[in-house]
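Each of the next two complexes has subunit A plus one other chain: subunit B in the first, subunit C in the second.
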Partner chain A sequence: MNLRRHIALTRAGIMESLQYRLGTAVTLFANLIYLVLVYFLWRAIYDSAGTDVVNGMTFTDTMIYLILATALFNFLEMFVVWDMSRSIQSGKIILDLLKPMKFRSYTFWSYSGSHVVLFTLTFIPTFIVVMIVTHGAIPMGINLLYFVVATVLALIVNFSMEMIVATICLYTESTWGINIVKETIVLLLSGASIPLAFFPETFRKIVGFLPFRAVYDIPLTILLEKNGSDTLEGLLPMFGLQLAWCIILTVTGVLFWNHSVRKITVNGG
Partner chain B sequence: MSETTLTKQKTRRGFGFYLRIYKKILVQDLKSKMSYRADFVISTFGMIMTNLSGFVTFLILFKNFPSINGWDYYHMLFLYGFSLVALTPVQCFFDNNWNLRFQVQSGDFIKYCFRPINVFFYFMSEVFDVKGLGQFAFGIGTLVYAWIHIGIPVTPLVIAKLVLFLLTASLFMIAIMNAAAATCFWIVGSGYVMVIMFRFKDFAKYPSNIFHGVFRILFTFVIPIAFVAYYPSLAILETDNIPVLTWCAPAIGVLFFYLSYKFWMLGVSRYDFTGS
Partner chain C sequence: MENAITMKNVCKDFKILNRHEGLKGSIRDLFSRDYKTISAVKDVSLEIKKGEIIGYLGPNGAGKSTTIKMMTGVLEPTSGEIMVNGLVPYKERTKNSERIGVVFGQRSQLWWSLPLIESFKLLRDIYLVPKKDYEDMLELYRSLVDIEPILHKPVRQMSLGQRTLSDILAAFLHNPAIVFLDEPTIGLDVSMKSKIRDLIKGLNQQKGTTVILTTHDMGDVDALCKRIVIIDEGKKIYDNDIEHLKSYFGSYRTLRIRHADDTWEERVIDESKEDVMDVILKKQKEQKIKDIQLQEISTEEVIKKIYEGSSAAKGNSSVVTSDEKKGAAEQ
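For the complex of A and B:
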């Protein structure tokens, strides 16, 4: 198998993202400040509420959920859309298309390196800090393993969505617009800005079937052992939803891409 | 002799001169934008989507919680609308800051230094971001809606105060983005600084008395997001015991803008040509 090729791309990605050390350090620091802002906001919200538990979420639950959602966001954030539009403009995309590898898997594996770096540098430290500060509010056990599986599935769902949006950009020449629409919808409906537990009942039911939930809400719910995810009956539907969307989005994305790639017009190159 | 004519020319270049130039450059920019009509429609739609999602966030929050730190739903909406309007100038007129680092890195920036007009002005005038107008409309709508429900009297004095403090508030975000963009003169690939600052602005729509200690000072005087909506809007929402910082806001805003401009120009002065 051509596993060696994939690993080579991962290694190149790791080296590339370690090049920008100052940027990574500043971003890490800024994230900490951002989390302090989130803390103050929700502290004020819960203080004004008068009760400790709102919709089954305590202040600590909400904080852990939102902090880890931010950490996941930083780790899952991809710039496929931007990179694609830039390489179309410069003509570089032709070279990528000529590579002896499917464009889709080439893109996926080139990003895998930065995912590895960001997971180690942002998610794990955040996780450890949260664990220490909350004195073990995160259950430690088999759920960690499930969480890793769910995160990998989330990564694939996220990548598939990115690829579909990037393909749309081949037609519209509006990178900023398409990207902001995608980002807004994903952040709101995935529970990254407000936990899904706070959503009104019907709204939450609808959102429960959409793919966005598979990116942030499901991994975090599994990690925190909420909504019965500590039992097999609770766990299976979540993995099922993730897996179903993985397949649907991947197939859609591949078909859409194969159809559109013939339409690319590149100046010069 | 040449020096005296130069200074004379400079003094003659007043506000009218720059306004005329701005109009000319603006028309060129709009013409080139018109050739990407789909982009314009989608970008405006995207802008409205972000604002809408902010609105939905509020709705969901207030479904679960009656108030935040004594601020009820309509007061919070007022603050949100106020921040959207105050963020319009930075979006519309200073959007070219986002391109600064690419231009500096590629060396294209040098073209701005060769014109006999202010570099900062020339650079900013090149881009007028039309999609900011969608945000403006949304902000005004939210503001009016909240205004009616709170029942603030409409008098010429209140309107004058509103305009003055909206302008004041907009200066702060412009200053933040100017300073953030100018870091690229010193640090290669400093785009993340702008991204971070742009994320902090999401917290402008909350009453900043929820912050405590060091962070309150940090977000009032260092990264002044507390001035983007909270302090200026108190001039209209509160009838008595308006904090001193509200009254000082216009002066502080001008100061921040001036400092960010000086910092930006300092970057220009130490800009090395790439040589190509």
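For the complex of A and C:
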């Protein structure tokens, strides 16, 4: 495998994202407003509960979890579906199909640069602020390394889900509805908007096996050393779940894509 | 010489849904299984030699883009064979893309917010072009056009002409064997058009690149193409030299007559049917003629005649097949 192509795409992606400084600043500002809302919402929930610990999480735990989830969301959020539908409508997709690389890999590496930029510009600052404000509520150790691994796996799972939805859009031509449904499901079931600890027992068990959890909940759980992720026995099932979904979704996505592209080449698009 | 592209009896059908009118019809369409088949390309055979510049012409909706998409491997032919650089394009699309370059009308493959040079570097790495070849290519570009002013300009700030120029340069960057140019001069001013024609000609001569050019601008055809292929309603209706095109269809000449009141009258004369002198003499009997001009018919008018001729012939099914035309042209 020649990495020259992939590095070049990442590099261009970084340079492109850096062109949009204002966009990044606006994202940070929007997050701030969102987090103020989250703060008061959960303050009210904890006040009305009357106890300091709800579902095994203190108010501080919940806030740290949600703030980092938001930061992670900004960094993992992809626009494959939007971009793809636009490029299908404009016909630009032909130019991407005619690159001497597999379309999937071309797309993935085209986005990789913006992930690098967003990770550095949104996740790391948020992480540092949370770390300072909470005076060591986040454990500092080998968990950081595990977190990076888990985040890369989360990225792949997320990309695979995006690609599958984007492929569906090849058939439907309208993407708006499908994409909204997908985003809502991911945000709810991944633990990005409500920590999974707050879900009812049975529901939580089911969600625990779904791929959505692999995107936000697992990396955060590992970072915060919750649910026994500070031990190897606790850690392995989490990585196992992520890895399993990586493989399942990638294989499904590739097969689905190849089938669909073939169909397009037969019937025209 | 070896063929760059060979097409044998290629057909392409599309299945499309029969749409019904009105709101009721739209609702019915949601559940409809009523498809009709449209033949976009019918039994086209074509051989293109290495290093040729081919003008691929036809009225709008004739099947030009469909043919090009099949050659690039984005579409699979319904029947028939296509070989491009010795590969079957739709089966090995990725491998085929390494050896072709494309410019599709007004869609740009350049990175919008980056300076042109960055797009070049990126394409260099994506196509795995050796550093030396890349430098040589840039050197060649410098000798053909003045690229310095645009090299460090972000693509989004470029004028349409500069962007088209850049896109053409980008398509040639990895020294492909074949370049497809789909209406490269659309919307450009006269001087930019001529710049782009010179560039295409220069690259074709220096690198021996085969160029397939679709255009509606006969100036492009006159400046670049020795051979043209005309397609209409999915069928190939002409495939020969541009000179033959003129001598066969071009027994037409335009006669301009200036009347006594200084107005010009224009008339296209088919020399196989009537004699120019006869027309002038007849006119002179009717009224006084102050001046005459005789013009050779332009390629544009010939092409117009062919397009009109082929659609007029549909009714009486007396369309001349390309072989007959070729035969007649060669006599």
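Following the convention adopted for this analysis, the second predicted complex is superposed on the first by the 262 of 269 C-alpha atoms of A that agree within 3 Å, B and C clash if a C-alpha of one lies under 4 Å from a C-alpha of the other, contacts with A are read in each partner's own complex, and residues count from 1 in each chain.
Operating definition for what follows: contacts are C-beta pairs under 8 Å (C-beta built on N, C-alpha and C of every residue); 3 or more make two chains touch, one makes a residue touch a chain.
In this text, all values refer to a predicted model and were calculated from it rather than measured experimentally.
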| item | value |
| --- | --- |
| Clash-or-fit label for the pair subunit B, subunit C on subunit A | fit |
| First, second, both or neither for A:G23, with subunit B first and subunit C second | first |
| Touching partner for A:R4 - first (subunit B), second (subunit C), both, neither | second |
| First, second, both or neither for A:E77, with subunit B first and subunit C second | neither |
| First (subunit B), second (subunit C), both or neither touched by A:A12 | second |
| Touched partner set for A:I94, first subunit B, second subunit C, both or neither | second |
| Partner chain in contact with A:I45 - subunit B first, subunit C second, else both or neither | first |
| Contacts of A:S174 with subunit B and subunit C, given as first, second, both or neither | first |
| Degrees between the directions from subunit A toward subunit B and toward subunit C, using C-alpha centres, nearest 10 | 80 |
| Subunit B and subunit C, minimum CA distance [Å, superposed model] | 5 |
| Doubly contacted subunit A residues - partners subunit C and subunit B | 20 |
| Subunit B-facing residues of subunit A, complex | 20, 22-23, 26-27, 30, 33-34, 36-37, 40-41, 43-45, 47-49, 54-55, 172-174, 176-181, 184-185, 187-188, 193-194, 198-200 |
| Residue numbers on subunit B that touch subunit A, as the complex places them | 36, 38-39, 42-47, 49-50, 53, 56-57, 60-61, 63-70, 131, 187, 189-190, 192-193, 196, 199-200, 203, 206, 210-212, 215, 218-219 |
| Residues on subunit A engaged by subunit C in the complex (per definition of touch) | 2, 4-5, 7-9, 11-12, 15-16, 19-20, 90-92, 94-95, 97-102, 262, 265-268 |
| Touching residues (chain side subunit C, partner subunit A) in the complex | 12, 14-15, 40, 66, 69, 72-76, 90, 93-95, 97-98, 100, 102, 104, 107, 109, 111, 113-114, 118, 121-122, 124-128 |
